[in-house]
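When the chains are written out, they are named A, B and C in that same order, and each has its own residue count from 1.
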């Protein structure tokens, strides 16, 4: 007599369950294939503004912001989705920023994606403005905005304004000031740049920075002096109808207040025949 | 056989509709759907979108809560209260009991979802925002409830109500985050990790298949294929889960 | 042919954390004959409920087999012919009595008029005729036990299995359940019930089985198990003063009345003769026989020493 065992049907039913599961997985595969075929046509995004998500987050706003941020990085890094930038501003500007306004990384990453990937620097600036508004004590946001104005838009006035905002933040690293000073140089405003670098040179806390600043001051001083001298030369020519014999003539004729010397304390070189003024270490006019 | 399943289903339905929790959830859902109008006052422009988003989200959340709250106790409570003993001493197969319990809860959910949907559509119709395509979104949400209910029944066969509630809700959340497995897989370097990731991706219930809320609200086309494949997926996955529940219950000793 | 036959059933379980096996039943064989009322007696935890669950297929035995009406008990169809009431059932308290019975009737596939007839009939039979439209949450414990019994009888079963049908009931409730069981026997049905209330068992059972710690210690007709010979006499005397009695053990004493127990007929004769001239009067002489309780206690005691006696004493209290 066989002992009474558990009902044997259970194993058969379990096997049927596994068969069904395999079929379900096959269907899932088909769904994936369909989705891949139409990838890019349907934005897989469905998120209300962070202001409403806030209600749904049940106090886990920051966590939700993290999750969406992580997702966004993966999503925007996927080059297969052609129109993935459709909701770029909503994701960063509305969803994440409003869920967790003090979360800095998404502002920076969002701005980076907007400028370098989506080529929408103005959008990036709007995002950073929002970040600055919520985080006035953070220098990196105006710094980043200034960089975008400077590097992408080449709008030095706006860049200067952002950099100055960054410089007002207590505890801003000296790097920002150097960046600010150098920006004027790149923008062609060597005089302001010199003024800033000179300031950096005089307030430098360590030898390395002092050395770097000196190099800038050195080069900028030469560039500014040469520019001054050339302007005076033009003025002299216009008044006297001829070129001066020596640079000292410029001061005597009142075309320049005082003939400057180079940072090494030497006179600048002047060739009366060609009218060329130069720094004597260099064969041609520097910069 | 169907008569016995129907008897169990009817009793389960009766239990649900005489349960205060169901009405509490319904009242909350209706209140939330109505609330969307107030919220929409706070926004500029996308009022219609917010009302629709909120309505669909409410139906989603409260449908899931109903299936979880009622589903998790379906089998375990009958065992705990020993009512299952009298039933199984009758000419009732154990799988009939499971299928009957499931069918009863499906009936409950159908009524529940219908009430929420009708209220939602009524509000939309009054505002002149009614769009029949929203019914597709609700249909797919209902598919999702069917799958979650099956999972709740399975867990209810295996463990206590609290644990099965946690497990079911966890699977609901995971089921909606499965896309992250895909991304994670791309980042993994080890082959075993990638294979495990892929296996999990296909093994876990993919609830994303039932989510077309966003598409519908944004007026994007939802093809018959999407609905068809979702139905097929539900049929197979749901059958697998229910069969597993039957197998578990078949072999279970009722201490 | 036996209605219910358990052969060589063993059942053990393991706790989740330890690998130790606990035996609930060991090599249990039992056959219930048609038309009898069988009382299954045991202390709490002796394995009565486990035996019943095994018989119904709610649990699966480690070894041995269960047969119902001569067939493998795992056949679900066989349950058309049995009725079962579990111990302390909670029942569906959101249903009315009528709905509750109707629901169970549906499981047998009866037509609507058939269900109505059976429900009305049973409500009357268990004395709940006018309570059928009340929710079970409003029922008293006795009423719940009766509606539970009605549920077990909905299919007019040939074999009725009741797990502790009398426990927790007041004397009136017990009486009602007892009458229903006797009525079933009168209708030619077989009743198998477990209990630890010995007085009820002794009164209505044709046969009993005594289960002690998972082993069946005795099975049979009560008259066969318990010797009906007179084992001792209890003599009630009045007007007893200080005078010493010639023999016997004083069981109790109130004022001048004494109850004395004597072990043999010779002692009885001597005692009665000694009464002359002392002003003592004989009130009554009653022969003492062994009761089911004595047998039960003896079995428990012999099985597991003093621990068992304590358990039995505890069981006897309720």
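What we mean here is this: a contact is a pair of C-beta atoms (placed from the backbone, for glycine too) under 8 Å apart; a residue touches a chain by one contact, two chains touch by 3 or more.
Not measured: the values here are computed from a predicted model.
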item	value
Most remote chain, CA-based centroid, reference being chain A	C
Chain nearest the global centroid, as defined over all protein CA atoms shown	B
Averaged-CA centre spacing for the pair chain B and chain A, given as whole angstrom	47
Distance from chain C to chain A - Cα centre to Cα centre, in angstrom	88
Sequence positions of chain A contacting 2 or more other chains	6-7
Where chain C touches two or more other chains at once, by residue number	60
Residues of chain B touching chain C in the complex	3-4, 6-8, 10-11, 14-15, 18-19, 81-83, 85-93, 253-255
Residue ranges of chain A touching chain B (in the complex, touch as defined)	6-7, 9-11, 13-14, 16-21, 23-31, 34, 42-46, 48-49, 51-52, 56, 71, 74
For the chain B and chain A complex, residues of the former touching the latter	39, 42-43, 50, 53-54, 57, 94-95, 179-180, 183, 202-203, 206, 209, 211, 213-215, 217-218, 220, 225-226, 229-230, 232-233, 236-237, 239-244, 246-248, 250-251
Parts of chain C lying in touch with chain B, wherever the complex brings them together	13, 53, 56-60, 76-80, 82-92, 94-95, 99, 103-104, 106-109, 148, 151-152, 155, 161
